[in-house]
Amino acid sequence: MRIDGRNNNELRQIKIYTDYILNANGSALIEMGNTRVICTAAIDDKVPAFLKGTGKGWITSEYGMLPGSTRIRKVRESSRGRPEGRTMEIQRLIGRSLRCVTDTDLLGERTIWIDCDVIQADGGTRTCSITGGYIALVQCIKSMLDQELIEKSPIKSYAAAVSVGIVNNEIMLDLCYEEDSLATVDMNLVMNEKYELIEIQGTGEISPFTLKDLDILVKMGQTGIRQIIDCQKEALGNLNCLVGQEV
Amino acid sequence: MRIDGRNNNELRQIKIYTDYILNANGSALIEMGNTRVICTAAIDDKVPAFLKGTGKGWITSEYGMLPGSTRIRKVRESSRGRPEGRTMEIQRLIGRSLRCVTDTDLLGERTIWIDCDVIQADGGTRTCSITGGYIALVQCIKSMLDQELIEKSPIKSYAAAVSVGIVNNEIMLDLCYEEDSLATVDMNLVMNEKYELIEIQGTGEISPFTLKDLDILVKMGQTGIRQIIDCQKEALGNLNCLVGQEV
Amino acid sequence: MRIDGRNNNELRQIKIYTDYILNANGSALIEMGNTRVICTAAIDDKVPAFLKGTGKGWITSEYGMLPGSTRIRKVRESSRGRPEGRTMEIQRLIGRSLRCVTDTDLLGERTIWIDCDVIQADGGTRTCSITGGYIALVQCIKSMLDQELIEKSPIKSYAAAVSVGIVNNEIMLDLCYEEDSLATVDMNLVMNEKYELIEIQGTGEISPFTLKDLDILVKMGQTGIRQIIDCQKEALGNLNCLVGQEV
Amino acid sequence: MRIDGRNNNELRQIKIYTDYILNANGSALIEMGNTRVICTAAIDDKVPAFLKGTGKGWITSEYGMLPGSTRIRKVRESSRGRPEGRTMEIQRLIGRSLRCVTDTDLLGERTIWIDCDVIQADGGTRTCSITGGYIALVQCIKSMLDQELIEKSPIKSYAAAVSVGIVNNEIMLDLCYEEDSLATVDMNLVMNEKYELIEIQGTGEISPFTLKDLDILVKMGQTGIRQIIDCQKEALGNLNCLVGQEV
Amino acid sequence: MRIDGRNNNELRQIKIYTDYILNANGSALIEMGNTRVICTAAIDDKVPAFLKGTGKGWITSEYGMLPGSTRIRKVRESSRGRPEGRTMEIQRLIGRSLRCVTDTDLLGERTIWIDCDVIQADGGTRTCSITGGYIALVQCIKSMLDQELIEKSPIKSYAAAVSVGIVNNEIMLDLCYEEDSLATVDMNLVMNEKYELIEIQGTGEISPFTLKDLDILVKMGQTGIRQIIDCQKEALGNLNCLVGQEV
Amino acid sequence: MRIDGRNNNELRQIKIYTDYILNANGSALIEMGNTRVICTAAIDDKVPAFLKGTGKGWITSEYGMLPGSTRIRKVRESSRGRPEGRTMEIQRLIGRSLRCVTDTDLLGERTIWIDCDVIQADGGTRTCSITGGYIALVQCIKSMLDQELIEKSPIKSYAAAVSVGIVNNEIMLDLCYEEDSLATVDMNLVMNEKYELIEIQGTGEISPFTLKDLDILVKMGQTGIRQIIDCQKEALGNLNCLVGQEV
């Protein structure tokens, strides 16, 4: 049995509070167990250089951890003068994942910024950010439709993420911090609602893993993502109509 | 009557949620109207260079705004590579204010970091940070007593802050964002429970003000701070015994 | 009696050398006792983003200390990679103070940069910078009128600054470095020629102060500022005609 | 048929020139087709903070691209002031991969730095860096044995990497730059000599992929890695005896 | 006799491999003894601010050392956040030297970037960079003529560089690293094919030198540069026709 | 005749005001025509890493220009985040030049910082900084002797610097800004009192120069340096006894 009493294939409790931040174009507080992330979406009239003049849009993401979110106070990246490698890795992952389920050509020359700020960390902050960032994105699309900035929803599919790993030779779903610290294999999966892979990132730094392990890990991830997408649907309520019109 | 229907000498509603972040040594979510700030306290075994070898401690503060906290997305300071001037000004103010009511000599060679992160901004974020940061500080002292890091509470007094200003020639308490934008005089006051001044910062950038105005502004501030300290006492509950043993 | 033999309400000797730097559009070397600051003004054809296209101008300031200006060599901020918090706080204060007495709408889309560089520090460098920066500003306005960049002087009033404080329970005017180090209350005041407040910044980090103290401190500041404005008038000579045409 | 005439499961030609840089403790120039990377290893007597006092060592990596290595000149990261996200992602990957096949406890409190600098880029620079960085690492271990810094080789296994992807709905091995630009799915695989996974990173930013695709991609990767490890063995010559003593 | 057996007025062996990097508009690997530098040239459609709208072009240079190029691993400048003083000094020297022999007015509003990256350092890297950078420049001019970006070659003359110095009271040509470490006088000379001086930089940090020494040093440098220009001519082959049309 | 009426071999008027900054261990304001530089010296108990534990000392220098010192306001390097290349080049030159005439082994493990800050620029700021920095250095040595930090003066010789150049085909001494802008050859010379060369830096960016030109330039420089050293001697007064004890 796991540290917190869960079965190996059991998720932590998920809560999604939508419209959590008044000033944002879309926002959610998402909790997976003790991991809590504020996700906000903002519309920006600029696009990266490579898109200027194309009429096409972009989705990008930034990720941060509040200094008090971790057991040992996390030094603020603005004091260090630059985001650290892990931060860049995570925010690039969030951006790619959300762009994968969005037809960014329909956004016009605009960037949607998805900010994911961890206020309490207990493992799985990057997957939690993708799942919650998705909610903020859909709300932002709603706001753009309401403001008549766009004519139809560019959201092609749901997108959610979960971690899996091998801890003490057991394959487990949705690792908390303590499990993550002990894991010999650590994997993050992002999938759409067809349970196709958007991203797979697995590392066996402590111990390599076989193709058979890979198969079991990915399938356990699918199980988790199914439930997470159900939570997203519940949180989105009548915004679900904005998803998947093209599929 | 004011934008949000308040009287000139009326505070916005204050809510303080204590123990808001599990990983911190002390924490609170404080709300003044729509302004919401997460305050956390962390114990650090290091002190600034000028205190090394003295056996004395320090309290310092950092302040940040989440990108989604403002109507126009706020560029992350880690992207800009350095905190901006306003940020530095605010965090220096929070640090000075909390040190003023603490006998830092009693902390041992330790630094308490008070982090104030604005998750939603609607005016008064710096005063809100001081008021909420004070709560996190007292909780942190409790934790240090429990861990037997210190023997007695170093907290000498309550400390709370409020803004006052002149808007459309009216002197007002606790300005929201829209009022702040229109203010010709803008003042922040930090006081202890005897309503003595810890800090006064008033600026008449748009229009200078008389000594008589100053007098009225400060007295209206006192009224507000009285109520805010009452909220602090309510939030602290049985931690109130840690305050003011030396006064 | 004070360290340098002054009475509590006595200023140090003030000297203002105008046109000190040939290459600048306005300049002064100002001395208050042993504190010496070079102030220069420069005209820039650009304005901050929020003013572009408005036809309005701006005044901004930067402040620095030469490495040799302090008893312990001050590390150059260009080596540290960024201005420190104190620097930002001071230069923001100088800018606000000078904008307060200038109708920046009359400048056209131009920025006037006021640079204040301390070559020798003995307390009161920020107030000295405001007083001297004002001289450079007026000279710069003269230069702009001569070049026919503007048609009338935008200077609405004199502006000068002084420090006051509580040292050994005595309220004193114009603190030198040693007094400043001992002060329990430290306050900077900026006023116009009507002795209205442009800025008040008082901090009781070591010991809070009462409203009665505040009153005495501000009134002693008024006394000092009266004499400082007299020095400014003497230094400006026939440029005095550029001041206060609108008052 | 592919742009350069290869079959889908065919690698580009690999060349490994060992001892390429005299001043380094280990070095190689590795070429995969037109991609060319200089890999060097350096011994450092310091370890990261978390290892101080443990007697254990570390392997870390840095990655760079010369400005002239790309078709459009790549701006030097020292001019930008910080490594970009992609760089950090890659160098973290190289470090993890090489640590996975090394018993870093046997290194003593030392860090081995593996520097991978791309002098000509044509796709697959990160996998090429891992494969070539491994050679530099083994040479460095030889040098440490010769200097009697360590007693036995800590290298547990071979490690090599390759890219696979889906281009025009075809699954292909070892993508060159033009293929990489067209790929809808892009995957990097690192394996040991048992063809177990050390790292898997796959992204379907343009188009998600199924579990079946995943299976084919990974198996094609295995085929490539088999040949690459053969090249490593040939390049290492009599240093092969340093590998895998513990397996 | 010298460390490596050369006579005092003898160069190390020079090798120049042209077209070394496929992606660059011009490139060479240059070796002087064990010093090896990759030089590339890139065409950029932008010019520095002071040239905008003039129709004139620019040549600029950047210099770097790979971490593995030195006996003690060189910390990457992108990690340090800024190029060090020595780097800036060298790259400014390379740029000035190449501009001196080029009629940059003929380039159109374009910048040619000359990147010199040391892959193995054994003294004389800056002079080697100038000599090799010149080759990359001429190749780049060829490419611009082929692309019909320019109509005639702007190259006015050859340009080459060499170091001289005083080591153990002997005046020597082309110092290797060990000689350089012992030198009391260290001088770098850049000349055109008439053996006129483009740059002279001599430093007697350890021991000043007389005007007579200066004369001998410069004349010995001339001897070396004569041979180096011969090597350049051999390397350029039929590109020699692009040089010196205006002389 | 020259812009300012001087003969080609004539210096501008030199003034040296010693003890210009009270807080420094040594200081001077030096003027050469309209170029004015504040030079200060400071004793630091630390040495660079390569000298730790050797008992030997170091001299280093930093150079800056006040924003108002130039006709077009100079952007503060602390705003740009890093010193520019020219600054680094100059401060390295000043440091080398002063170390050359000092037996730094006699300083104990201490660094003397020489700060040269240009308050008004009209050509020749770097040579002026060396000449003035030397005065601050000797004063600092006096202060170290008085404090009994050292037993004997480590100053081996005088050191002074001057610029020479070719302007309109005329060889000229001590160029002012306008001449410098027109110069085809620009050279800076640093010499000791025997008129031996400490540094020579000559650049013919606009037009190469012959060995004969070199000879004339250097000899004209000697003439200037003779007079500058005379000014140094006059300024140093009875501190001259600290110079050259070892020669």
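A, B, C, D, E and F label the chains in the order they appear, each numbered from 1.
Throughout what follows, a contact is a pair of C-beta atoms (placed from the backbone, for glycine too) under 8 Å apart; a residue touches a chain by one contact, two chains touch by 3 or more.
In this text, all values refer to a predicted model and were calculated from it rather than measured experimentally.
Interface matching across A-B, D-E or E-F places the copy of B-C, with more than half of contact pairs shared by residue number, at E-F. With respect to chain E, maximal separation of chain centres occurs for B (centres as means of Cα atoms). Chain centres here are means of the Cα atoms, and by that rule the chain farthest away from chain C is D. Centre-to-centre spacing of chain B and chain F amounts to 50 Å, using the average Cα coordinate of each chain.
Centroid to centroid, with C-alpha atoms defining each point, chain A and chain F lie 59 Å apart.
Residue numbers of chain B whose C-beta contacts span two or more other chains: 81-83.
Round the ring, from chain B by way of chain C, the chains line up as B, C, F, E, D, A.
Partner chain B is touched in their complex by these residues of chain C: 81-86, 88-89, 91-92, 96, 99-100, 187, 191-192, 194, 196-211, 213-215, 218-219. Residue ranges of chain E in contact with chain D, taken from their complex: 21-24, 27, 34, 38, 40-42, 44, 62, 64, 66-71, 73, 76-83, 87, 113, 115, 117, 119-122.
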